[in-house]
Amino acid sequence: MKKNTKTIVNLVLLALLFLAVWVIERTSSASSMLITVLKKGAIYALIAVSMNLLNGFTGLFSLGQAGFMLVGAYTYAVLTIPVAKRVAVYQMYAGGAIHFQLPWLVGILLAGAVAALFAALIGYPVLRLKSDYLAIATLGFAEIIRAIIQYEKLGPITNGSLLLKTYPTFKSTLFPFAAAAICIGIIVLLINSTYGRAFKAIRDDEIAAEAMGINLFRHKQMAFIISSFFAGVGGALLAMYQGTLQANAFKAAMTYEILLIVVIGGMGSVTGSVLASFLFIACSEWWLRFLDAEQFIGSFQVPLLRSGFRMVVFSVVIMIVVLFFRRGIMGDKEFDVEGISKWCRRKFGKGGAKA
Amino acid sequence: MSENVLHVENITMQFGGVVAINNLSMDINKGEIVALIGPNGAGKTTAFNCVTGVYEPTNGLVSFNGEVIVRNHPSGKMKKLYAGQNADKYPEKPVSHTPDQITRRGIARTFQNIRLFKSQSVFNNVLIATHLRRTSNVFTATFRLNAREEKRMREETLELLKIVGLDGLKDELATSLPYGQQRRLEIVRALATKPKLLLLDEPAAGMNPQETDELGQFICQIKDRFDLTVFLIEHHMNLVMDISDRIYVIDFGKQIAEGTPAEVQNNPAVIAAYLGVDESEEKEAGA
Amino acid sequence: MFDKIFPYLLAGVSVGGQYALIAVGYTMVYGILRLINFAHGDIFTAAGFFMVYISATMPLYLAIPLVTVLTVALGFTVERVAYKPLRTAPRMSIMISAIGVSYLLQNLMWYITGGLAKQYPVLPWISDSITLGSASTKVVTIVTPILTIVLVTALVMLIQRTKIGMAMRAVSKDFETAELMGIKINSVISTTFIIGSFLAAVGSMLYFTNYTTVTPTIGAMPGLKAFVAAVFGGIGSIPGAVVGAFIIGIAENLIRAMGYTTFSDAFTFALLILILLVKPTGLFGEKTSEKV
Amino acid sequence: MKKVLAIVLAMMLVLCSAAMAETVKIGVFEPASGDNGAGGKQEVLGIEYANSLTPTVEIGGTTYDVELVVVDNQSQTDKAVSAAQTLASEGVSIVLGSYGSGVSMAGGDVFAEHQIPAIGCSCTNPSVTLLCDYYWRVCFLDPFQGTVMANFAKEEKGATKAYVLTQLGDDYSTGLGFYFQQAFEALGGEVVAETFNEGNSDFTAFVTKAMNEGCDFMFAPSSTTSASLIIDQAASANVTFPVTAGDTWESSVILDAAKGKNLEVYCSTFFDEKDESSTVAAEFVSGFKGWLNANPDKMTNNGGNDIVAAVSALGFDAYNVAIEALKAAGSTDSQAVAEALPAVTLDGVTGSISFDENGDAKKDMAYIKQANNETGAFDFIKTQSVADLG
């Protein structure tokens, strides 16, 4: 298949996906769990792909994702709350220090930009560290950012540790899909560009990559900043989805969850991360919910089922994936036309190998 | 007299109390093939690492085409510990570059234990090395505003693969190639950075005599074709004697001989080092 | 002035000692496996819950040893199930496994307790109040640093003087060579986890006597701080971990004394990043370099 | 012939069951786990008890069974969004809860989006109703509660310098602390305010600070999880000033923590089980105690005793308000219920309830109680109303 044809087929598949989402939205009621899963899944897909860009494609074990999402979410919320509502939101800070409202699109872009700016500042010292030291340092930075945002002296801007709300949100499921698709599309373009190849070279062998003239620090920083930009955008979308925002939710546990999504999907697979995000969200919000409620079959109470059991089952499944299916759903393969046709060729004999 | 390409002067590399390279000086001229030989653990790879910026030597100077690329003198803790010579010869501000900066200046290398990009295809392994000479930035590359350059990179890559006869295997995973071809691929990958000086670290390791012969021819062939200077570490003496213009022999980090293959072959110090005649002398040298 | 600072110092020394007992577990595991055992903080929490449930059914003189044994068994099992199969896998995989175990343990504890805080039983004598100069506190505050130093000294002796200690040192220096020399890697690693878990169990008894509420995620923060202490002291070095833990415990309480409580946790991480940048090997760490 | 008969029978069965089992769903949005799990469970008990008394409701001439859909918001704002969505997808007509203001605000947004009215039982932060058009509540607000406690500090305890300790990221705690500070400073007092992080268990530094600063009153509105640590460590440090908080502290967790210690612990709350001035309340108290004693697992959820918590009473009232609203709406459609709700009035257990323009109940009475260090029960100290405050 020629390259152009492949691109076209992939775009057609994407268009079909959008059509399906549109049809689902039209046919099911707005409160259906399916809609919830689709909205949240799309946002998590973007965040997971942004983390995969770092951990899966560049080989940087960073655990700062929640911190950058937090920065993005706060940037968006703080700048887009309507002026009239600020007195009520900043109830303890006399309406806060900001007296303007930006349009939502500007807010989202700034969310990414501010997160990227933070990444640039943080990356400068920490990207010189290796593997687990990098992980723990980025984790630490995320905690520091959270503490700063909750600092009461910054209350007029961030509302301290209290909830932010009344900023513009979205109604249509197509919105997070479109936003995520654009962002993921850009990440895919980046990964397949000469810079993306350099990232993968760094992941495979830092020393060889450096000997081939790839400036390790600059490329790592680039990956870090770009990943954080999209994490920031993802954070803003998550804030829009939730309708309320509080720094407290963006803890290390959130980063771990996203990391596990990336692992389940397969390190180094964009489509893997996307699939895993929807699966993860569907399981945790919907399919496995029944495990949390006491169930009766006749008068027999099904044992073990009560609040919290869902998460136990869930974490056991994750451990099984981590231990026995280390490459995740997709490994480093992609679920696209090329991937499918390769898979078919492997599966159904060598006859078509030359096709 | 042809022009000097690589000039190594009084390099000493000391790890803690261990002196890995001791006051080593070498000169390589344009168009030469020079070999660096010595027993195991003599410090050959360490010398390469000092030249390519992987290690920062404790003392000494390296210049490439007249530009100083490495210069250092013992400082800090090392000042007291230093066991080498010429400690005061390079008092100027130290010069050091990261390996990528040195590659950019035109020195490319291969590795003793093959270091290919394991998850990548043969084609991509070479393509990645063309990244160095890009003119695009991350924005233009992402949004495909560099299509012409991308096309050129791909053509260059294919061209290089054809030279080593790997173009038929370009979509295979690099690590799935046989050992000898992996070595060749590493050399081609280094060529893709458009070097003037090529450092080969044991290119014939693990090859049979026939493969080694072919490799010798291949090295001469690419030297002429790309107008290269070649500096190699090798244990296969036949190969070394066949293709080298000059040879440096080191033992315990010290140069013990230098000259044409014929001169080196008959040098008593070299024979002693390889056969290990006088133990007390070795101990002195190694201390 | 001193009267005002003294209670903070006292609290700092006490909490520092408790961090030290956890930090030793981190630093030993890291020294041998090069793994940040994210689940260590949760093992510490689990020890707390064991005590809550077991002390409800039997007297303390039975409960204390049983809790210790169970905690050690848990640490041992975690290593066997989640880390051993990944011994040849890339480092990132095993670290992800550690995060997974931590996630699993937290969710399991959440499920069993219904997510509610549990009251830790009152251990006799060490829970009593005493007055020291300007401060009133529990006996445990004084006991902790003493016990910590005794235990750690014993551990250092074990590592310096015994055969298994020598094997541990060998493995942490060079994993492969030690294996070639016929050292039973798996039993050395198991011993490491057993010692680490034992200290975590002791640490949890001291910690929860001071802070009497146990919740499923309560170990996460002390766990991370203990890890920072281990890095601060130079990972792999036991005295380093202890010194680091005391410094962090005291510094954190002094920060509170100055009124910057929002930043008491963030401070720990800032300290970590600072030390990683200035002296990446920590106070007592050894330098290693990668072979090319 | 047989087939036709079977079909007819089946259809009748379907019709009958449809007619008999008309149900209306009421969502219960409460924490069953996390920091506020203990309080949330007690609130659910009040709702369940009310449901056991009034299991059906007549809406537009049809009798509906009331089905409670209980979800756990885990005391966390991000989990609350998911829990609220679960309720929305279940198609509930009205929602009750939650214990904790932060989760209520987080859930409120979802309810507003799906146009489901919600009645807060014990969420006292003003923003809950102010920023959400679909939230109402049956309890008083933090500015009032803060003022009550500030007055108590000043008038009853003669305090001049108060130490206010609140939890970062907890809207209830931070808000109430803020209003107390405002009120206390307005009364001429001095305030030292500090915050602690979620999951913090070392409160000795805070207690020490309060003593060093020479404070003579401590106000620490917080979850019961933190509260028991604060009480324990304050007692260990031989604190002499009273340690107080708002409505969350009216819990058996606090009683357990304070028992046997030499420490004065006070809290303000919505209701007192020994207050027999109202017959509705007296009836509720005896009925609820009986119900608890008859159901051992309910008793466990109440903390293992039959003390009636204020939040249970509020849950009871909220349920009855919801029933009235369904009746008034004449429909199970959530939008219709939302439209009917503002006009609903009820003579409830915690006083008469009617809503102001923000959707808040016009409540003007708070009860102050002290944890008895010997009996392990609450002693009623006094009531305070807006009128008393002048």
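We just call them A, B, C and D in the order they show up, numbering each chain from 1.
The rule is short, and it goes like this: a residue touches a chain if its C-beta (ideal position, glycine included) is under 8 Å from a C-beta of that chain, and two chains touch if they have at least 3 such contacts.
Please read these numbers as outputs of a predicted model, since none were measured by experiment.
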Revision key, fill the gap. Chain with Cα centroid nearest the overall Cα mean is chain A
Exercise for review: Could you compare the number of C-beta pairs in contact for A-C with that for C-D and name the larger?
Suggested key: A-C
Review point. For subunit A and subunit C, what's the span in angstrom between their mean Cα positions?
Key: 32
Check your understanding: Taking each chain's centre as the mean of its CA atoms, how far is subunit C from subunit D in angstrom?
Key -> 38
**Study point:** CA centroid of subunit A to CA centroid of subunit B, Å
**Key:** 43
Practice item. Give, as an integer number of Å, the spacing between the C-alpha centres of subunit D and subunit B. Key: 74
Practice item. Can you tell me which residues of subunit B touch two or more of the remaining chains? Key: 54, 111
Review point. Listing for subunit A: what residues touch at least two other chains?
Key: 147, 150, 152, 207, 307-308
Revision key, fill the gap. Shared-interface residues of subunit C (touching two or more other chains) are 110, 114-115, 220, 262, 265, 292
Review point. Which residues of subunit A touch subunit D in their complex?
Key: 30-33, 36, 85, 88-89, 91-92, 147, 150, 152, 160-163, 165-166, 169, 171, 241-244, 246-249, 284-285, 289, 292, 307-308
Exercise for review: In the complex, go through subunit C and note every residue touching subunit D.
Suggested key: 4, 7-8, 11, 15, 110, 114-117, 119, 129, 131, 135-138, 210-213, 215, 217-218, 220-221, 253, 256-257, 259, 261-262, 264-265
Exercise for review: Spell out the part of subunit B that touches subunit A in their complex, as residue ranges.
Suggested key: 52, 54, 98-101, 103-104, 108-109, 111, 115-120, 124, 127-132, 134, 136, 138, 141-144, 146, 150, 153, 189-190, 192-193
Exercise for review: Mind listing the subunit D positions that touch subunit A in their complex?
Suggested key: 32-33, 72, 76-78, 81-82, 85-86, 88-89, 91, 102, 105-106, 108-110, 113-114, 126-127, 130-131, 168-171, 174-175, 178, 195, 197-198
**Study point:** Parts of subunit C lying in touch with subunit A, wherever the complex brings them together
**Key:** 34-36, 81-82, 85-86, 89, 91-93, 95-97, 99-104, 107-108, 110-112, 114-115, 220, 224, 227-228, 231, 262-263, 265-266, 268-270, 272-273, 276-277, 280, 290, 292
